[in-house]
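Reading through the structure tokens given below for one structure.
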């Protein structure tokens, strides 16, 4: 059974239905009514005026956001374990035309006000040194930890005071909000976030993520960049339809709650083995190679993460009944 | 009725079915069996070993191909009316890191051996002048004309003699092959083409084009570039499935034949009004603003192309019965 | 005798003296008093507040200016014969990260209000089409023609009305001003120019050009770009010294007048052979291959420019006595 | 007295003389005999066939080298304290079109076989992770330490085994060779170096560094990149002349020995205060703010480097008599 990535999960029925319905429309690019309604629909969801663009991948969402917030000669500060630094094949550098990522260390892939401030202060003024223009945080983080609204607000206070943009990589934003129980607004723009990569694909979507600008004026140039990157789908209605289906009746939250619940089940079974608190749908736990092998022998599929450490990711389409055998196997190790 | 673009056509039932089937697989990125089978399946179709990558847009296919064939300090020669020059928002420059497009004039958006040679010869040797590294042709062209295998081979002879790469933008490759009645091999690698953007989206696909390298070694770096551009879909199986469905039992050809037949019907009705011979699924015809208005009043939707000229595009999903009213309206002008 | 390029001329004595004097200073980069005085000194010359940066080549000056005026996804409109399009090895695309040059045809490498407007109007609105953000003109042009203040102002009125930047490539700005007899201000910012590449190297300098921003706020990011391009000389005082020497007592104008006088002498001898009016220090004239050969046999060195056409360039360091033999040889053809 | 940077030192008399002599030549760009002789002259010096290009800054030399060794989607491994990472304003990212610098920690800004191997091994295979294509080391390092030929060879063995390029930033290469007493060949190509930034400006030059390729075939594309970056000086003879003067009769070594001797004098005076061994012309020593202030009060000019640490740099043009007062002041602290 699949625990290696929520990227591999199915698209959910409502998304499939929306795609089938969209096939009966005939418009090109983003000229369709679905695409045109995204701004409005997501403005409602976020309780403020936003500009929202569909894009076909989280990497594209992240990197268009960074390009909107940072010039080619600038830098983006992020955690050393950030997806944009480690797992996107250099896409941030491609989209920003070579901006630099300045890295911050710390547990759980989280920035703190202290570690962020220390890194920013280390950059001397002057043209010899690439100057920070933006900060990027991931919520939930690459280790499944969640920034609270208060934590984001502390970082947002720093970025605003220094005139920096603030991007949130929300590949698992739904899982974070489901954990927090807050509104989407509280953990984003109300806390100082300027741009959000709002992930749906891991959470029941098929091929669409939303890039949400809380400063809507950032969208104008970004639309040119989206086209210029070959990301403007000829039949954009299929992407818009997915996002609309996901936000309808808070499907995004329901799906994320299901995935989180699965992870919580595993976390309880893992006990002292946990490397990080489990706040979203990822579980990192200590397991010897022999233990990992024994789990795999039972048919569970997952990644080794570090020596003596494995990663288990639960998905929206896995029920408690399906996950319980893994929980029991972990408890029995 | 829609005649403004085949981009707006529906995805065809076989593609939809393939997508639904792919939803039952659970693999991420391009690790799935469908994606892994593309090389083999398209190698069969092209009767030679190829490397084939799915991408989400024709612009992405074109520009990854150009980046594989031309360094940042080089130039790509293409027609002044080429899609890559006019309609891709600068994507070739983005993907190639600023390579230059050197333009050739001529009727029907076609390069000829003479116009190509003249343009190439005009570039002096030396570092002051951006040197050509590749040539890009579109088949069918932006005006619905088709290069024959012999015509491509003449261009291919020039590019090979000079050590240049040859790219074919095949957004409507199916329409070209349907018109020619040749094999896909004959009008591509056998004629000197190194890379083909093999379009499916206009022809019944939903969101996948294939980038086909006839020099398979070009694919290795391109896979890094695809990831780096945010084009590596998390759930790539959905893209691979579409391409496989389209090549199954030559669905791509059947769909293209249908679209071409519709255009031929319009062409016969248009008679002397035709601006270009109609060889694929695009019809350019002379019409006064009043005539264009009268067609629109009847419910036909299309673009003005130039003063006194309109463009009609037929699609795979339009039957003769559906198109006949427009043909009659044109004849009655 | 050299008539192939003013690039090959000597550095003039005052420049050499300034370099020797600068060698007695010990400061790094642009921290020296000479570099720091450029803004002030050139503000005096241009009778307005400017920001001025030394750079080591005209190409660097042009392309930093374009990067300041045009985003990567934008376009710069220029003449098809512009140096930035033809002779800079793709540097504009490198510095702008792939902005597109949109070309205008017309005699003498000059834009006119009509040809510029026509080109601008041809760009449709929307993300599919690269939008113009700046216009670049060359004064004196690549064919030795000079834009008058009134002509520049007509172009400047268009760029201002449309919110476009206006750059002037002034590799031979001195020759233009010497011809016009106007103030430097009249043909630049007073006519709508935002950034000027102020050339000195062809006119008696050794290795320094000035990039002059009439919107001084454009300099801040440009200083980062200059460093990022490896153009910030460790011993910048040597570049600043050259520029200061050239503007001292209007040496730049005196040198340009000398070069222009030499070209005028040749122009009078050439009579009907002239391809363009001679307004600066370049002379294009019709000559058969045999005639060109006969001039070369007399020891005159120059470039063939086109079939049946040669180019002669005079320099600040050539006296009438030195040029007269060529004038006589031309007259005797 | 100046101890803040060797960048601020004078150009030496032989360089000045060479520049004055070059002013009597009249050729453009790199078409002159001086520029054309660089390959040959440096091939002699390095006892193998090299291709050598003048460039106007060390940053330009470094970044053209990196662009020759690493594609845009690749990575360069270097020390976290490397000049290319910290002090070049993002120029590596600009020239390589966004390649990533992967950083290695360790004392004295030196890579070791172990730290390098560990960093390389940490990169997983696959398109999600930017793959290393080159390694860059600095000799002498940013902390004035020198890699021996044996140390370079250990690194070269790793890069060759993995198919990576090896670049040496030799801004103070002369100081390293002067310290080692080896031949330039021994510490470069014989040890596996593919490209060397051979610095002259800090060592008595005015405005020219040499980029030396030990794989001469790398120079062809680099010449296009040099032009494209606006680095191809119109009057290149002035740059070539400086380099030729510096290698004549080993002036480069004599100058470096003088600078090293000055640093050795200071090192002996500093004793236990030294942070790093002094092997070239840089001295890092512990000094309280009060001690630093007392040295400055005596007229010595230098940078604070870190809390409680100052940096002193000696230059070719400073005699023992001139440096002795600082040595005595340090000893007296």
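Note that the chains take the letters A, B, C and D in the order they are written out, and that residue 1 is the start of every chain.
We adopt the following convention: a contact is a pair of C-beta atoms (placed from the backbone, for glycine too) under 8 Å apart; a residue touches a chain by one contact, two chains touch by 3 or more.
Molecules present, by chain and UniProt name: A, B, C, D = Low specificity L-threonine aldolase.
Not measured: the values here are computed from a predicted model.
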item: Starting at chain A, fewest touch steps before arriving at chain D; value: 1
item: Which of B-C and C-D has more C-beta contact pairs; value: C-D
item: Distance from chain C to chain A - Cα centre to Cα centre, in angstrom; value: 49
item: Distance from the mean Cα position of chain D to that of chain C, given in whole angstrom; value: 34
item: Between chain B and chain C, centroid-to-centroid distance (C-alpha), Å; value: 42
item: Chain C, residues touching no fewer than two other chains; value: 29, 72-73, 88-90, 94, 97, 127-128, 224, 227-228, 232
item: In the complex with chain A, residue positions of chain B that touch it; value: 2, 4-5, 7-11, 16, 19-20, 23-24, 26-29, 55-64, 88-91, 94-95, 201-202, 206-207, 224, 227-235, 238-239
item: Complex contacts: residues of chain B adjacent to chain C; value: 72-73, 75, 86-90, 93-94, 96-100, 127-130
item: Residue numbers on chain B that touch chain D, as the complex places them; value: 29, 71-73, 97, 127-128, 131, 221, 223-228, 232
